[in-house]
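Chain IDs A, B, C and D follow the sequence of writing; residue 1 opens each chain.
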Amino acid sequence: MFSPRSDLAIEAAAIFNKSESDIKNIEGIEYKTEKHDNYTLTRVKVLNSKGEEAIGKKIGTYITVECPKIRENYDEASEEVSRVLSDELKKLMNLEKISTVLAVGLGNWNVTPDALGPKVVSKLAVTRHLFQYIPDKIPGEIQPLCAISPGVLGITGIETGEIVKGICDKVKPDLIIAIDALASRKIERISTSIQISDTGITPGSGIGNKRRGLDMEYLGAKVIAIGVPTVVDAATVANDTIEILCENIKKSKDLSKDIGKALEITDNELRYPLIKEVLNPFVGDLIVTPKEVDEIIDDVSKIIANGINMAVHNGTSNLCNA
Amino acid sequence: MFSPRSDLAIEAAAIFNKSESDIKNIEGIEYKTEKHDNYTLTRVKVLNSKGEEAIGKKIGTYITVECPKIRENYDEASEEVSRVLSDELKKLMNLEKISTVLAVGLGNWNVTPDALGPKVVSKLAVTRHLFQYIPDKIPGEIQPLCAISPGVLGITGIETGEIVKGICDKVKPDLIIAIDALASRKIERISTSIQISDTGITPGSGIGNKRRGLDMEYLGAKVIAIGVPTVVDAATVANDTIEILCENIKKSKDLSKDIGKALEITDNELRYPLIKEVLNPFVGDLIVTPKEVDEIIDDVSKIIANGINMAVHNGTSNLCNA
Amino acid sequence: MFSPRSDLAIEAAAIFNKSESDIKNIEGIEYKTEKHDNYTLTRVKVLNSKGEEAIGKKIGTYITVECPKIRENYDEASEEVSRVLSDELKKLMNLEKISTVLAVGLGNWNVTPDALGPKVVSKLAVTRHLFQYIPDKIPGEIQPLCAISPGVLGITGIETGEIVKGICDKVKPDLIIAIDALASRKIERISTSIQISDTGITPGSGIGNKRRGLDMEYLGAKVIAIGVPTVVDAATVANDTIEILCENIKKSKDLSKDIGKALEITDNELRYPLIKEVLNPFVGDLIVTPKEVDEIIDDVSKIIANGINMAVHNGTSNLCNA
Amino acid sequence: MFSPRSDLAIEAAAIFNKSESDIKNIEGIEYKTEKHDNYTLTRVKVLNSKGEEAIGKKIGTYITVECPKIRENYDEASEEVSRVLSDELKKLMNLEKISTVLAVGLGNWNVTPDALGPKVVSKLAVTRHLFQYIPDKIPGEIQPLCAISPGVLGITGIETGEIVKGICDKVKPDLIIAIDALASRKIERISTSIQISDTGITPGSGIGNKRRGLDMEYLGAKVIAIGVPTVVDAATVANDTIEILCENIKKSKDLSKDIGKALEITDNELRYPLIKEVLNPFVGDLIVTPKEVDEIIDDVSKIIANGINMAVHNGTSNLCNA
């Protein structure tokens, strides 16, 4: 059956478009929303295996910052979102002095909407080497940060997990921050929502590959994942349109029961083959994306890089050359 | 009403998905298809104002080369398509010795799917200056070719037409070749179809702006336009999916007349607001595009540049540094 | 004879390395230096044809801002230099309300040290089209600014002057600002000095080509040129090294007159063939450049774009999306 | 004392500008030159510790292909040089079926003349993952090739050696090919010479850092290094110019002994401070490079990638998408 693709906890089927009170009744899940002037913070906690089953996400915390203003007025919103991101990161990281942090920029730098991770990494204030070469000249707030963009399987011929694991074995970081582009169900979340979680990440998981996850168990250090939706897949857009169509027809009071039956069929059996019929001739992934995705990725990667720089270096960004 | 966006003559409503015999009956239109092993050539001629009305395109010739193999096996297909393109161009250009050709790469180089024109221009074997500086050393087949990418209004603050007209007034070309990215209705045409026409082009016309067209009347020289679909707009994908849904329901024989009526409504009045509901929260253009659009644009721009180089320089590409 | 290549008025042979009092004696020249904490401002005025002959520059004003701190501490220096640049520009431009300004980014975007002009242009707050499309929504301080990067002859096959003239004939700007990368004699000036002049500019003049200059006479509007040294040519470095060597030997008191004679020869006749012997095997331009020239060009183009944006839009950079 | 910087074995002081018969007398060195129509092949073998001392290079084989035609006529020369490179690589690699090869692109992708390694890697036909995912569909000649560009210390905060070692521990390659940009003493070698050696490589060794070398001992597999000169450092150019000057003065017969004495001083003590005086105001590396270095690096990286692809995949480049 057709299952809309999404990497966001707040878009899990059990939560998506549900009222807060409905979500409260899901066992094993804690759900809390804070509305601020310019942004909304949603915290989803998966408490146990029942919660895991309910929303299909691993035990842990998933925080989403939603700020539509990023797109309408980047200059005003960007600083605030970086600060919120930094605050939430600090709480999740809970770093002691001196902790080595390894940032990992996942994704393919040759594919614009997938290049978010590598772009963020290119803007980080990398400092780990200074602790070795000029230890006396490092301000007290600075932490040793190193960063790598491991590429993707088609570029390197090596599983991303193998590369990251190999480097972790040498660097022995106390914490890993992995940044990746996500798929969302909702077009308005593209570049305006940021999800932070403490449960690790599976590179390319959105595409359906089964791969080794980047998590504490495999890498030997806590893995915080930061993700931003940069695409909606085309099948999801088609599906959502039809869903709304069917609902509208059903609501129409002057229709007989026959139609109800007909649409029942439509819902369950017809929809996916139809979507396939429209989209399938194309070999490969089809995505829906704003035309200006190149610029959008640039903008949001600055926000995230600033957030990480502030969180890791305790507000000092003097060494940043972003 | 919703009108699917397309820049291809073969996707005009009167032609799209129609049988060849149906199209034959349209007054003022000539339509011919040649099937070859690896590609299909379709020639649409708009003969008079009746034809203009019928398909909404100006009097002139529209040739479309369709070659799905470009995407499946670029290395094998690219050379053949360049050659076909070159042959068709030569016939349309009908150049005398020595004719100055100005190539114009339309579109925004900062937006990947819109960067086709500037990418093609960057791969052309520009030679006009050699006729001035080293006239004795130019092989006989070479023609004076010059090339410019005028950018877009948001980048320059100047209408594209003004820039091109200003340069034409100085260069006085005998022929202009304008290259642009197009929108198609069908996803499988992305990067696999090339349309050539001798009727000029209106930059950004696909987006609905009313702007001065680049044509013989304005620029004082024949304008051949080469276009390749690089996107399908998201509303078109949603619309086509619903259309197929409605048709399938209608075909279902065990439904009462009520449903027929309901779907009639759907067709005519409901569809566009529904699509708006799904897609609209986003400010700006939403496009459906293959994920690898960066690579696809690179590939197809080489094919077109080679085709132009061969057509203009009579098969000599020694000076090409593409 | 070997003549060190430089595009800076303050490096003209009659002025270079001379004391201020010596320069005061040159007829037809006014020369004034202001030292500030972080930068030095030098104004050279060429008053008449005697001045033109003396330093080989056209009648007009040449202002140079020198700020070595740009390289040592970009974050601190950049804002101040942008402001100084903006102040000097305002005085030279002397714009009335509402004046259309055309910025022209000279140089080859494919060659890093030559890409300064196009990079600056890509960071300008272009507004001319807004006066046509949304005239009511434009803040009062904003002026109509448009911008173009015409490329170079080898890329377009068209003389830069022809392109700019053609566009000027359409746009009819009240003022033109041309930005270009320069050659300097002194390595420490690379990216740390900015020259502003009101005498126009000849694209590619540094390389020795005789081309139509971009000036009031040709374009019909005042042309302000902004230039930044991004390279020193390799022959100049070699020449300067030898010059210092020869001077040091001459100063050596225990040498006989024979040596003096020998070095005299060296000065005048031997030097240039020697430099040719070392550098010549290479076809084309050889430049001396800092290894990090890519980053340096990025940095200084931001400073200049900000300076122009502030000067043209009277301090309002809200519309800037640099 | 000033020591001209070079990474080429054939430019070691004991060999540079010496006649073949002089070099034959150096103990511990074998030296052989083959002249072909379009290129010259020079093989330097360092046989023992005496040879190591004599030319300052580790025991092993150093092969240099010199082909000035690469710059004059890239299209004609490139294929032949790729083939020569492939043949020499095959002999050095001596691969058995099936051997995993790891290509490592050393250098900084943000600095044009240092980006050679990453550029080559981006053009390789990576296949190792296919052996895992579609083992039945791989033609017999194809070998498992994987590839990585580890970045530089300032970008990652991690020593290049640590990253490569970590990945080797996971991938366990049978052979490593490391590609790097080199410094040469002679300008005409920029992009026209390729050195291949079987002795490993020390990243950034040209700049004088003492770092862990990438060699068999550290990585557990044979390391073949491929290097191309992309810069000459500015001090070397200045030094060579002065050297020629001094020699010419000495040859001048009508000079007294005093001058001889003076120039003796010049040679030994004065030269380096003089060069410092001219070049030093600049913080950081100064390089001499052709202005078109961006294009040159593109060209030569294609030659090397093709050479590696052919050597590793036994002439089959069907899978290449360079």
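One rule holds for everything that comes next: a contact is a pair of C-beta atoms (placed from the backbone, for glycine too) under 8 Å apart; a residue touches a chain by one contact, two chains touch by 3 or more.
Note that the structure is predicted; figures quoted are calculated from it, not measured.
Enquirer: Counting C-beta pairs in contact, does C-D beat A-D or the other way around?
Expert: Most contacts of the two pairs: C-D.
Enquirer: Based on CA centres, what chain would you say lies at the far end from subunit C?
Expert: Max centre-to-centre separation from subunit C belongs to A.
Enquirer: Taking each chain's centre as the mean of its CA atoms, how far is subunit A from subunit C in angstrom?
Expert: So the centroids are 46 Å from each other.
Enquirer: In whole angstrom, what separates the CA-based centres of subunit A and subunit D?
Expert: 42
Enquirer: Mind checking the centre-to-centre distance between subunit C and subunit D? Centres are C-alpha means, answer in whole Å.
Expert: 36
Enquirer: Please set out, as single numbers or ranges, the residues of subunit C touching at least two other chains.
Expert: none
Enquirer: Using the touch definition up top, name the residues of subunit D that touch subunit A in the complex.
Expert: 122, 126-130, 144-148, 151, 153-159, 162-163, 165-171
Enquirer: If you look only at subunit B, which of its residues touch subunit A in the complex?
Expert: Residues of subunit B touching subunit A: 71-72, 110-114, 186-188, 190, 231, 234, 237-238, 240-242, 244-245, 248-249, 252, 255-256, 258-259, 262, 266, 270-271, 274-275, 277-279, 281-295.
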